[in-house]
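Two complexes are shown next, each including chain A; its partner changes from chain B in the first to chain C in the second.
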Partner chain A sequence: MLVTRYSIVSLRVQKPGEIISFQHKIPAYLKRCTGFKLSLVGALDSKHLNTELGRLSVSFNSLKEEAITASLKQEELGSQDFQELEVQLHPGQIVSGVYVDTMLGEDFTPYKVQLYLRCTDKEGQTQNEKG
Partner chain B sequence: MYDHLNHVQQQFKQREINIELQGFKTVTTQPGVLQYHIEAYNEYLLLTNSRVLPIGTRILSDTNSVEISSGQRRTEGLEEFSGLVSIELPQGTNYFPIIEFIQIVKE
Partner chain C sequence: MKNHKFQQIRVRVSDFGESVRINAQTDKQYAKIRGIYVSLPDELLLSGALLGLRVNNQEVFEDAHEVKLITSGHQVAPNKKFFFFEEHLEAGGSAIEGKFTDGGLEALSESPSKLELLRARKAESGYLYEAKIYLWLTNE
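Presenting the complex of A and B:
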């Protein structure tokens, strides 16, 4: 039976231009990450609807694979489903990343970004199996 | 004794990244210019002299970003950047350092 688990990384942005680094561990029994989703917690002024809130980059397997580079727009986050990801996980390795707030206005209000990682315990296909 | 070059060699070996070339890159900052951009596509730049940068200096890249604080001004602060690297000195600074990186070109 296929097991799917979701990991959540929460990033609390408290000042304009803030840079937040994080490290996260995915349980060792999970073999593959197949998707990611970003969501925004907390309401921002509607004038920020179309502007970029920040940028996120994430690497997997203890800096071996740079797999996510994403820009956050409030307007797009609401309707966005999981985006595809194809990362084979090495057991017990670190997921690390950095978020940079790019909202540099004076009317900044604190907000929280959640990164959801969808991972399964099923190995992915190798190149030979695909071919 | 902490050795930058030894640390870099060991870490890239751990990350299974083969090094094609290891060198140095510097950015000379000057009065009147607060923003600098360097291209580091398919390579890594490792900041070696964070302790001489003005507090508040921001270095942003596609893979990593930092703002220099007092805690980062230490020898071990070997931050790594890749892709398009943007350096922003803080407003009002009157100190314009030479910023030094170890440059790693991967295979």
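Presenting the complex of A and C:
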């Protein structure tokens, strides 16, 4: 039976230009990641709409595979779809990444970012693609 | 015998930033939970709102899962609103446990009038709003 789980990496950005590195373990029964979504939790002032807040890069399988580079924007009508990812997970190895804040200093307010990794224990197709 | 049912779970939120525990049971007459849709009385309340969900003690969503990723707005057609589970989730009287967390005052920081409206409702009825979680149950 197919199992799909959403693994969440939460990052809190406290100061302008902050560089946050992280390591994350995905449960060993999950064999493959099929999607990801970088999300701003909550909302910032509307002056930040459609501007880049930061950039993320993520490597899988203990740095052997760099699979995600993405930028974060606050969008009013942004899609909540996951971006496609095709990574076979090696059991027990870690996901590591770096997030870099790119907001200008004078406009900065602390914010929270979440990276969602959609992973499954088998091969499978996603149905959740809304318009 | 009907093959589909939309079971509603109501969550009463009394304060900004509050976390509310959810305990429910799915209708015994349906075999599978096909999808979920979370309805909030105002789209602004989606900002920062979180929903954790467990079915029969199996974690489906972590407590930090944002509601905005499993719901949809008015622009989406009614029969497309649900988030579909990609796996078989047993219904048939399954125990549903969860935690709904309100997004806090920040969610309404740019709309003082809506904030006042919610505060007035709380003064009248004792709670800010109700979140409605719909589970799509099916026998198919």
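Here is the rule we go by: the second predicted complex is superposed on the first by the 117 of 131 C-alpha atoms of A that agree within 3 Å, B and C clash if a C-alpha of one lies under 4 Å from a C-alpha of the other, contacts with A are read in each partner's own complex, and residues count from 1 in each chain.
As a working rule, a contact is a pair of C-beta atoms (placed from the backbone, for glycine too) under 8 Å apart; a residue touches a chain by one contact, two chains touch by 3 or more.
Quantities reported herein were computed from a predicted structural model and do not represent experimental measurements.
Engineer: Check the residue A:R5 against both partner chains and state whether it touches chain B (first), chain C (second), both, or neither.
Structural biologist: second
Engineer: So in the superposed three-chain picture, is A:V100 touching just chain B, just chain C, both, or none of them (first/second/both/neither)?
Structural biologist: In the superposed model, A:V100 contacts chain B only, not chain C.
Engineer: Under the stated touch criterion, which partner chain does A:G17 make contact with: chain B (first), chain C (second), both, or neither?
Structural biologist: first
Engineer: On chain A, which partner's contacts cover more residues, chain B's or chain C's?
Structural biologist: After superposing on chain A, more of chain A is contacted by C.
Engineer: Could you say whether A:S59 touches chain B, chain C, both of them, or neither, answering first, second, both or neither?
Structural biologist: A:S59: touches chain B, not chain C.
Engineer: Give one of first, second, both or neither to describe whether A:T69 is in contact with chain B, with chain C, with both, or with none.
Structural biologist: first
Engineer: Looking at chain A, which of its residues have contacts with both chain B and chain C?
Structural biologist: none
Engineer: Over in the complex, which chain B residues touch chain A? Could you list them?
Structural biologist: 14-17, 58, 60, 62-67, 82
Engineer: Across the complex, what residues on chain C touch chain A?
Structural biologist: Listed in rising order, the residues are 47-48, 59, 61-62, 64-66, 68-69, 72, 75-76, 80, 83-88, 103-104, 106-107, 109-110.
Engineer: With touch defined as at the start, can you tell me which chain A residues reach chain B in the complex?
Structural biologist: Touch residues, chain A against chain B: 17, 19, 21, 57, 59, 62-64, 66, 69, 98, 100.
Engineer: In their complex, what parts of chain A are in touch with chain C?
Structural biologist: The touching residues are 1-8, 10, 37, 39, 41-43, 45-46, 77, 80, 114, 116, 120, 124, 126-128, 130-131.
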